[in-house]
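Given below, in the form of structure tokens, are the structures.
The two complexes that follow have chain A in common; it is paired with chain B in the first and with chain C in the second.
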Partner chain A sequence: MAEAVRSRALRTVAGRAVYFDDEGFFWDPDDWTEAAAEELARESGMTRLDDLRWRVIRFLRSYYLYHGRAPLNRELKAGTELSLLELERLFPDGIKLGARRLAGLPNPRTCLD
Partner chain B sequence: MTERIVYLDNAATTFPKPPGVLQGMVETYARIGVSPGRGNHDLATQAGDLVDATRARVARFFGAPDPTRVIFGANATDALNTVIGGLVRPGDHVVATRLDHNSVLRPLHHLAGTGVITWDLAPFDDGGFVDPDAVAALLRPNTRAVVMTHASNVLGTVQPVAEIARRCAERGVPLVVDAAQSAGLVPIDMAALGISAVAFTGHKSLYGPSGIGGLVVMPGLDVATTRFGGTGMDSTSLTHSQSWPLRLEAGTLNLMGVIGLSLGMDFVERQGVEALHAREMALLARLRDGLSGHPGITLHGARDAGADPARHVPVLSVNVAGIHPQDVGAILDGDFGIAVRVGVHCAPLVHRDLGTADRGAVRFSLGAFTTAEEIDLAIAAMHVIAGTVSS
Partner chain C sequence: MNNVGLTINARPVHVVADDDRMVLLDVIREDLGLTGTKQSCDRKGQCGTCMVLVDGKAVLSCITRVSSLEGAEVTTIEGLGTPDRPNLVQQAFVLAGAVQCGFCIPGMIVTAEELLAANPDPTRAEVKRALRRNLCRCTGYVKIIDAVQLAGRFIRGETSPAELMPDPDAPKIGTSFVRPSAMAKATGTALFGADIRLPGALEIAVVRSTHAHARIMGIDTAAAAAMPGVAGVMTAKDIRGTNRLKYQASDRPILCDTKVHTLGDAVAIVAATTKDQALAAAEAVVVGYELLPVLTSPDAALADGAPRVHEDTPNLCYSQPIIKGDAAGAFASAAAMVEGRFRTQIVHQAPLEPEVSLAWMEGEGEDAELVVVGRSINIHLHMQTLQEALGWEAIRYEEPFSGGQFGIKVEVITEGIAGAAALHFNRAVRYVPSLAESMLATSKRHPMEIGTRLAADADGRLTAMAMDITVDNGAYMSLGRVILNRALHMLTSSYLVPNLAVTSRLVYTNNPWGSAARGAGPPQTHYALECAVDMLAEKMGIDPLEFRRRNSLRPGEAKATGHVVTEWPFPALCDAIQPRYEAARRDAAAAGSEGPVRRGIGLGAAAFGIAMPGDKSIGFVELDPDDGVTVYMAAGDPGEGNDSMISQLVASVLDLRLDKVRLRTRSTADTAASGPVSGSRATYMLGGAAVDAAQHLREAMDEVGARTYAAFAAAGKPVRYSGKRTTLEKAPLDPETGLGPSFEVQVFSVQMAEVEVNVETGEVQVLRMTSAADPGRVIHPVNVEGQLHGGMDMGVGFALREEFVAGRTKDWVTFKFPNIRHAMDMETILVETPRELGTLGSVGIGEMAMVSTAPAIVNAIRDACGAMVFELPATPERVKAALAVAAAAPVREPAAAAT
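So, the complex of A and B:
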């Protein structure tokens, strides 16, 4: 019986070769750059990351870098001043695969790995 | 979001605990919180008496004749490891099901991977049930046991363990039942059903704390010692005690957990298993009916839960089209104050067969304190989420 193993792959984004996991999350959050976020956003169908989306991404990153984890749901809501439904709509791939992934946070693979 | 949490993650652990359980645990532990059965002071004797009384209560609850064959452990996973490890020998064959939790699958996978056993998995049908004949077809001359869940933690379906036990008995194979999701919701009479061993946990529908569970073994089933240590008996010997229950218990028991388990079972027995189940299944039917009409919401299992509630526990897993289950869970929590469980629920093969293994699903699971108002809030929230995302 096959065992699911999290895999990573090297790819070049915004001119830098970095590892991503099998859902497109940065393997190492330190590899994240603004240019990479912009390129990933274009891949998701966004022409550019506007101020509102950058506000969300910057909140996620600053929270993560300070606390060492992603914000709680209620903290995300308070910190972005958006409901989670609004956040879901703001990014074509939603909260997890959109906002969180573009912000370079680790993949929250709760009960999936 | 409201400050009030609508807790619909009772299949993970029931919350809150009934009034009196936590307070009773603290009060009793403050009074006799010593090492039970060790030494000859009165406190140790009183603590030992409480443990023995709880063993007797557990034995009665599961229709087992011998309280000394009630083994306390940390949880159902711990108990399953104890019974699986104590049953199998090199060359044995074991049957489980694709409905099983990793608490069954992983010990067996490990044993198979290390060459100790071979194993086969019985499938489940479109309704989420294992066919007893499918289990029987997998039995071999060297099958040491059938180990399987009583109630799926993803689909909520209660498996026909009596029929499966009959087929096992015809072949002299013991049936070990994982009752993590059923104990306290579905009556389990081991003697009547023909079950050889039951693994249970205290913190789900028995309304105790986490960290306590156990194994109930019927007479005639030999489970070898796989962990060794102090038992408070036969202490001059370097050989681990072979009397029940000590043969399968090593080290000081979780007395606080045993106290809480007993108090939780007080609650269950006062309410009545059937009454708890009937009330929660009525609410589950309300939830299922409220979600089933929405084109953006896919329901897994519970198809005939209304028509045949006796074959279900109050668990419903769903997916919303176009939105990751983890996002659904986050929105339910952050925007609506509703706590659910997302992911594959430690039951990867169920999700593989449902086609949801990559992202999992959103699981609603009800408890004794779930209300109709809360179910209506969950339905309304899901309609908003499904409508918003698909619009």
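So, the complex of A and C:
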């Protein structure tokens, strides 16, 4: 059960046609590129991804690629040496729907609607 | 009070017994911590999971008073053997494949022990009589009986466990190795939720609604909070998150805040030192209700002026048509047509284990972790759902052994209560609800009403089908849309039907809420389709098996939803069952039709889809220093054999013995989010990801010529590899036409029922069920047979007996749980057509096993006596009513017609 019936849409991001779900998450984490993250960040109102933000994104991706799941907040704090408040402020849509999305992690609601 | 001396597993025990209340089960489980003895039926002596030996006699410890046991010698499952030194009966159960979820197994083994001590060579009838008090939901009892007889052979010295143990070097695909978890379950050491010790934990009781639809006007907890032992009472306002367990809609609260939407909705939580104290205090919570009209059916919910179940959503909450070709034209020119209106009932999935959850906090401050232990087949999704609902991000979800689930544990049920209480009271909590409460609080199989019209041309080829499907969604959405869509994807099942006119509606009511239940949608629609197929075949004078074969879809043709298939081995399956079908026909003819008992044969077929559009799974395989591997992926195994499946697939890819493959599958802390173990997707999706990961490891080892961990590590290679399986290239159904890509693969079956119908009483006895199935390459033949047996048993219950009526169905007797006296002969025929996309050629089988059982039985009833039963369950009363209709008018022209 719980198979996906979500819609998806093909978008061209950073010169590549890539599927996104209806909440703007990459359909396939393997489609993620650094250039795509930069473009998605600009769409979210960030002029650029600075080193601090890249530290967060790279940690999220490496954690996901090793564990197959997103880190809990305390794991994210330990991995980035940032507080939750700092992390939330870095991304306009917060950690779950902002940082994770830019890092190409699956939608937390995947496999449902 | 009196002091009772007895021995338990040869250990002297002195008990100060309260004559009125203390039963042996409490001493065994609570005082001695011997948790191999289980409890399912609210201490009514209905299930047999608590069976122990008292002076060599198997007794139900839940109703055995301690005061009667002075001097008794009690033996529990732990006293019979241990995982290192199991006795012969325990080994027989493991080797016969009788252990699935394992919750019933200790009781079964204890009972078998008594039988075999007196009679080491029992007949199947004698085994059935001995086990008459023991229930099992997984096996259909076939392999249980096999196991007892095998134990007899061991005891008689005719063979030995060592002789039957598979060669560890045998091929890993196609060999029935012992399940990794089987011996722990057979010796009572496998811990289920209620078996986990949590010293100092508060016990939970829940105040549940006594009304199906009402506004909450106030909750007075003062009296309850002041009662002895009570740590506190909490209501919705004490939950810091959304308080909504959101899947497809944000409509289901952990604790109701403004309204209750169905009988048994949770309203308040009481935490106390003991369970009795918590239950007493829950009785003292006063909830003020303003009663609202109760919508007991989709018709009532869709009537003008009906109140909404949820204010922000119409009661008609989803609809999806399928429009293909020119159905009206095809009906107008058809050579033959049949029609009928079919109805199915609400059914409880009926896992034996109650819905137990535990929760506690680890650590301090904002990093404190909430640990939730619950029954789940999707631990990562359940964790995420709880994070939002409880407003707490740091959650670890862990799954103990689980006593069956059959779809029910796709849902968060009691875990939300336990988690909320642990957070609010900042204490460890245990929530062990009764069976009655578990039945009331859980999701159910959706009831459906299905108007059906089916037509064929003069050559006996299907030309058109019309269906109008109304699904009673109950009070909450859960996965209602998914389940309805699954039914639509599989609507024409095995057949080519070129013209379709289908409407479907999903409707909120105040009935129990529907969700996943083995098959999840298709069992209901297959009942309508497969009965109509039989009716049409008979009307056209064509043998029903030949009619099915003739109308099979072929590679290159399209399913109901327009998806063109590349593999469709269904006709070969019809060929495979043909000899048994002809033999059954001969047997029925020989039985004659004199007297009130009539013999009938019925068929049902199914093409069951696996791996929906957009599905994905991920897993990891890591090489360990002992040259074995550990697999990391969330993969609950509530009985199907996923532990066998994953282990054997990985062992096959890496050329390892099974004892070199370890599984980490039960905690969100160390597993990949691999998706649910449901929808029959485990072998295809999870197995596929595990194989992919193992292949990556294998390729990396081959690349540097390493065969050991030491050599591999010395070559500087990483030892952990990921794997995935995706169906990413797919897309959803078109909302206007219902057309679009569908499941990636199919598993096929043809089932045959042989029944006797007493035309005077309406009683139906199933003599034998035969299932021919093609799941692709078979990984573990005994597990596949076990799934087929259990599925058919469940299908027979769905067809003939089972029904859940909220407020009235409270235990296994009122649910009409199939017991061993109902067990029929079963035969399985396995056809292995390796699938191109399958996981090493395999696709899975769990749900398909019951999809076509009910129509096979109903068709057999009609074959026996002409009575066409249009509503399940086919009770004696309904069979007699159908006989009366058949006597008044030909059954081929049913009065109730589809529109």
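In this text, the second predicted complex is superposed on the first by the 104 of 113 C-alpha atoms of A that agree within 3 Å, B and C clash if a C-alpha of one lies under 4 Å from a C-alpha of the other, contacts with A are read in each partner's own complex, and residues count from 1 in each chain.
The working rule: a contact is a pair of C-beta atoms (placed from the backbone, for glycine too) under 8 Å apart; a residue touches a chain by one contact, two chains touch by 3 or more.
Since the model is a prediction, treat every value here as computed from it, not as a measurement.
Undergrad: Going by the contact rule set out at the top, does A:G94 touch chain B (first), chain C (second), both, or neither?
TA: First partner only, chain B.
Undergrad: In the superposed arrangement, which partner chain does A:L85 touch: chain B (first), chain C (second), both, or neither?
TA: Only chain B is touched by A:L85; chain C is not.
Undergrad: Given the touch rule stated above, what does A:N73 touch, chain B (first), chain C (second), both, or neither?
TA: The answer is both, since A:N73 touches chain B and chain C.
Undergrad: A:E38 in the overlay: touching chain B, chain C, both, or neither? Say first, second, both or neither.
TA: Touch status of A:E38: no partner.
Undergrad: Is A:W27 touching the first partner chain B, the second partner chain C, both, or neither of them?
TA: A:W27: touches chain C, not chain B.
Undergrad: Which holds for A:L65: it touches chain B only (first), chain C only (second), both, or neither?
TA: It touches chain C, and chain B stays clear.
Undergrad: Counting touched residues of chain A, say whether chain B or chain C comes out ahead.
TA: The partner making contact with more of chain A's residues is C.
Undergrad: Touching chain B and also chain C: which chain A residues?
TA: After superposing on chain A, chain A residues 1, 3-4, 73-74, 77, 84, 108, 110-112 contact both chain B and chain C.
Undergrad: Tell me, which parts of chain B touch chain A in their complex?
TA: Against chain A, the touching part of chain B is residues 1, 109, 112, 323-324, 326-327, 330-331, 333-335, 341-346, 348, 359-360, 384-385, 388-389.
Undergrad: Please give the residue numbers of chain A that touch chain C in the complex, ascending.
TA: Chain A residues touching chain C: 1-8, 19, 27-28, 65-69, 72-74, 77, 84, 106, 108-113.
Undergrad: For a test of understanding, state which residues of chain A touch chain B in their complex under the given definition.
TA: That would be residues 1, 3-4, 73-74, 76-77, 83-85, 88-89, 94-97, 108, 110-112 of chain A.
Undergrad: Which residues, counting only chain C, touch chain A once they are in their complex?
TA: Result: residues 247-248, 366-367, 369, 378, 380-381, 384, 393-395, 407, 410, 479, 481-483, 485-486, 515-516, 520, 611-616, 618-620, 632-633, 668, 670-676, 678-679, 681, 720, 722, 726, 728, 731-733 of chain C touch chain A.
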